[in-house]
Amino acid sequence: MTMTPDQARSLVSKQIRFIVPDADLDGLPPDADLRRTLELDSLDFLEFVERLSKDAGVRIDEDDYPSLATMESCQAFLAARTAASD
Amino acid sequence: MSRRRTSATGTTGTGAIAPPTQHRFELLRQMTRIRLFEERCVELYSATKIRGFLHVGIGEEAVATGVLTVLTAEDSIVSTYREHGHALVRGLSMDSVMAEMFGKVTGCSRGRGGSMHLFDVGHRFYGGNAIVGGGIPMAVGIALADRMRHQTSVTACFFGDGAYAEGEFHESANLAALWRLPLLFCCENNLYAMGTAIEHEQAETDLALRAASYGMASWSVDGMDVAAVEEATRHAVERIRAGDGPCFLELRTYRFRAHSMYDPELYRDKAEVGHWRERDPLELLTAAMRADGELDEDAFEAMTAEARAEVDRAVDTAEQAPFEPVEDLTRFVYSEAVGPGPTRAGEEGAGS
Amino acid sequence: MSDFTMPSLGADMDSGTIVEWLVKPGDHVQRGAPMAVVDTDKAAVEIETFQSGVVGDLLVEPGQRVDVGTPLATMLAAGEAPSAAPVSVGKAKRPRARRVPPPREAAAPVPPAVPREAEVAAAAPPAPSPPLRHHAAELGVDLASVTGTGTHGRITRRDVDAAAHRPRVSPYARRLAEELGVDLAAVTGTGTSGTVRAEDVRAAAHARPEVPPVSTEAPRSDRATIAALMSRSKREIPHYYVATTVDMHTVVSWLRDTNRDRSVAERIVPAAALLRAVALAARRMPQLNGFWVDGVFVPGEDVHVGVAISVRRGALVAPALRHAADLELPVLMQALRDLVGRARSGRLTRAELADPTLTVTDLGDQGVEEVFGVIQPPQVALVGIGRLVERPWAVDGLLGVRPLVRLSLSGDHRATDGYTGARFLATIDDLLQHPEAL
Amino acid sequence: MSTTLVETTYREAMREAMREAMQRDERVFLMGEDVGAYGGCFAVSLGLLEEFGPERIRDTPLSESAFVGAGIGAAIAGMRPIVEIMTVNFSLLALDQIINNAATLSHMSGGQVSVPVVIRMTTGAGRQLAAQHSHSLEGWYGHIPGIKLLAPATVEDARGMLWPALQDPDPVLIFEHGTLYPMPGSLAPDAAPVDISRAAVRRPGKDVTLLTYGGSLPKVMAAAEELATTGIEPEVVDLRVLRPLDDETIVGSVRRTHRAVIVDEGWRTGSLAAEITTRLVEQCFFDLDGPVQRVCSAEVPMPYAKHLEEAALPQVATIVAAARQVVSG
């Protein structure tokens, strides 16, 4: 069942909030680089990927990492990946 | 819906037609089992094996035996805290009742109820109740359910002269009579509400007379004569099954021992106890059977010995039985996830 | 022969007093016959025998209180002779229900109370209550110096707290302060009566000066201690610096392959491979793995690699990845994740906070390409790691694009010299070319 | 599946719920004072007597102990009775049956006896009925293990809670606040049963959690709107189930907002609000950025005069003030 942008957004925000509890996600521009603006180092990012793939139930390979750079790209990626499993 | 105002309040004497010998022997056996069981309980309590409250009905055996011998498996019973006799005659195993007194998990209520809360839904024995009169409204409800599902089963509800003064009795008597429910009110009038003689707790002590005012058939019965109790019960149950609505039996009886284990009995004198002991229900029946040449002394002796052995076995098994694991403390506060199918009374009732 | 014992006549009865015997030795008694009258503190009750037989010796005197279960008399089968002399049979005076306690000795004369100053001045405020005096003592507050704001000038707990400069802090604010390394004493509360709340702590945390790009942090993360340590390092340690560029192509492609069939949770990041290489190199070159103490190099008993971790909002700790040289790469990866996680939630163990034998500062994720770190006394080496970056690179004489990383070493010239430092970096580079051996 | 919603009221939703239950399960019947010929003191059971007859819509004499006990007995013997106690104020006369029998039999009988009865009662104040007709005793009943408590505050819950409550093998008490009966609402014609184990976030927010139930929900929602205009984003949690309390949702919300205001029409001492405050201190102590605020009825017998009753009850203004106090205080 293809994931809507809103669902994707809340899912991504939920995972980020685990790692950066007081991240200001509402004010985050959709095209802002998540890793740089939220100061996510490689371990943070790995944990983010791990939680996202479990929660969304989709497989995320290292090659997919670039498409998780921004909130916008995450929404597109999740929509595509969940559409593929319809 | 006309309601016939029948209020026969005559007392049936002891001239009842003698039931066949085998049946009278069985009545004697049941009363003997109760007597020996409760006498042993008094000893066990003194030896601190049984704790809490213990109310024995020594002297009132004829009531339980006479009433319950008439009821069938489909009928239901709601009793009070003086309930060992009712439970044993109804068919609860002596082992499960004694284990319950020892607070063991093999007790008929897993050791959680004790002497005042014996339950066995298999026998439709819906418990003792430690609240005076507390069980009566429930009995009304059971009878209501049976009537709504067009069944002819009867619900017998036991209570004492003390409960007769509780609001719950008056509300229930009115409701049962109003809705013509298949309910048998059995008032074990042993003349004392704990330490208060009946004339100090009831303005009108003829309880059957007062019960009739609710528009239901009522009788006073000699509660020491098991034959008289049985006959009155049979008569009442026939009317109930015929749909005539509830009946009320005032079973005049007497308890030979204290209200409970701790009771200095300041409220009555020994002479009165002695007087009532002369009409010990067991002795009344054995005397009647001997007079009619129906008592086989050897069989009587063997039966008594077997009853004593049954009590001994019950005590031994109770002593070895395990306690309920503490981990189960909260189990059954709410019903456990029950699969489909009639595994509990609630469901069985619907099915039968 | 059997015993007739004191029965329990109620759940709350554990002893009773014989008031009167109703039988005497030699009497024949039937089961249920009354034997004696017992007083149970509530009333006198007749007790009965559960066996028929002949009364033997009466073991307890009237007026004597005994516990439930205590033998009161012996019972003989018919024909047995009673042994001891009969106990006096008779009615003892019924003991009063409640035993009157023996009159206390005349109490010592109480000295006339010396009026305390507070009671002398009729208008003086009421003396502080004992628990308040205890609270003040605990906080080292001299009550005499405190003016009470309570009714009639009574000193209240809040007055004591204010006097002890103990700010009232909401539990959430207290937790946040600990997480963000904010010193509560320095925070002014904006809540009612100066209560410090979460936003005050956040404000304090934001107002903190930016973290110096280069320096490593001592395990204690508050600013003052770090400052002292860094200046001591610069003052005492003659630093030398060497650096090199490492071709990470082999490592990166090896990682990509093995990660493909690993679950996300088990994937290995390049930083872990680099740490592993540093640890193995430190084992091979122990002269860089230890401490300079009182003019002498003391080698570390094992390789404990200090990992500089940024706790949110700029604070830094460098707990040790203990026995890193013995941790296979996948195991080291999980240890690293665990260490970072605990560092961030403030649950590091004492051992981990104790001195690492050398430290690594990987600022690749922060975007810098090269790091020149300040050694953390008393260690003698610090490895700096820059960002993994794609660059043109000569490969077998041909031009190609390769993932490269700048490694640097800050060395304590008292313990080692540039030659050793250079060989150390070369060793790390060599280790990284054989990732399957990491 | 027609999606056109049907305009209805809380009262009619509860009536429809009872009608549907009796149509679907012949063990279900309604018993209580004036539920039949009179059509129910609050007209909830209007028309049911004509449709189902006197056997299944049973008017009772004024004997709360007897007919509540009878409901319990009938449930034990296989029926699924709905017992209506006219108001919680009269339920005091049936407390012995509810506590010593309904709530106790399953555990005391070692699991043999279960009591699948539903007891409905009107609750709460606000209609100038004075002290003896205005009690809010949910806190008492919430104290008793062995029963479950529901407080439908919306038309949807009024329609959807009864069927699952009747399926429950244990006694379920449903408290219907007297002021809610005329409340309008829209429902799907074949409205489905609802969950009866979780609380519900009626309005997501981030600055403070407003916890409430039953008749207070409308006032809390109004207070939330007013707070929103001043830049405070409250989160409103409707408890829906008062026993067992849904700690997960309650604690989850306060962990996000770090502030809590509990609005409960009961008297503050030993109230549901007191129990919830204790659970917050036990489970969210290090998330609390200010003391929990409780907005309860004044500890007085409810007065008749309107201005006095309003002064005694939680109101929008007092809820707003409490929220502002904990946010800025």
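As written, the chain order gives the labels A, B, C and D, with residue 1 at the start of each chain.
Here is the rule we go by: a contact is a pair of C-beta atoms (placed from the backbone, for glycine too) under 8 Å apart; a residue touches a chain by one contact, two chains touch by 3 or more.
All values derive from a computational prediction rather than experimental measurement.
Enquirer: What are the two chains with the most C-beta pairs touching?
Expert: That would be the chain pair B-D.
Enquirer: Please flag the chain sitting at the greatest distance from chain C, going by CA centroids.
Expert: B
Enquirer: If you average the Cα atoms of each chain, whose average lands nearest the overall Cα average?
Expert: Located nearest the centre of all protein C-alpha atoms is chain D.
Enquirer: Measuring from the mean C-alpha position of chain A to the mean C-alpha position of chain C, what distance in angstrom results?
Expert: The computed centroid separation for chain A versus chain C comes out at 35 Å.
Enquirer: State, to the nearest whole Å, the distance from the C-alpha centre of chain C to the C-alpha centre of chain D.
Expert: 43
Enquirer: I'd like the Å distance between the centres of chain A and chain B, where a centre is the mean of that chain's Cα atoms.
Expert: Averaging C-alpha atoms per chain gives centres 71 Å apart.
Enquirer: Roughly how many whole angstrom separate the Cα centroids of chain B and chain D?
Expert: Roughly 40 Å separates the two chain centres.
Enquirer: Name the touching chain pairs, please: which are they?
Expert: Contacting pairs: A-C, B-C, B-D, C-D.
Enquirer: Sort out for me which residues of chain C touch chain B in the complex.
Expert: 5, 7-11, 13, 40, 42-45, 50, 68-69
Enquirer: Would you pull the chain B residues touching chain D in the complex into a rising list?
Expert: Residues 76, 78, 107-113, 117, 119-121, 126-127, 129-131, 134-146, 148-149, 167-168, 171-172, 174-175, 178-179, 331-336, 338, 344-351.
Enquirer: Inside the complex, what are the residues of chain D that reach chain C?
Expert: 258, 285-290, 329
Enquirer: Touching residues of chain C toward chain A in the complex: what are they?
Expert: Against chain A, chain C makes touches at 202, 256, 259-260, 264-265, 267, 269-271, 310, 312, 336-337, 340, 364-367.
Enquirer: Going by the contact rule set out above, which residues of chain C touch chain D in the complex?
Expert: Listed in rising order, the residues of chain C that touch chain D are 170-175, 191-192, 197-198.
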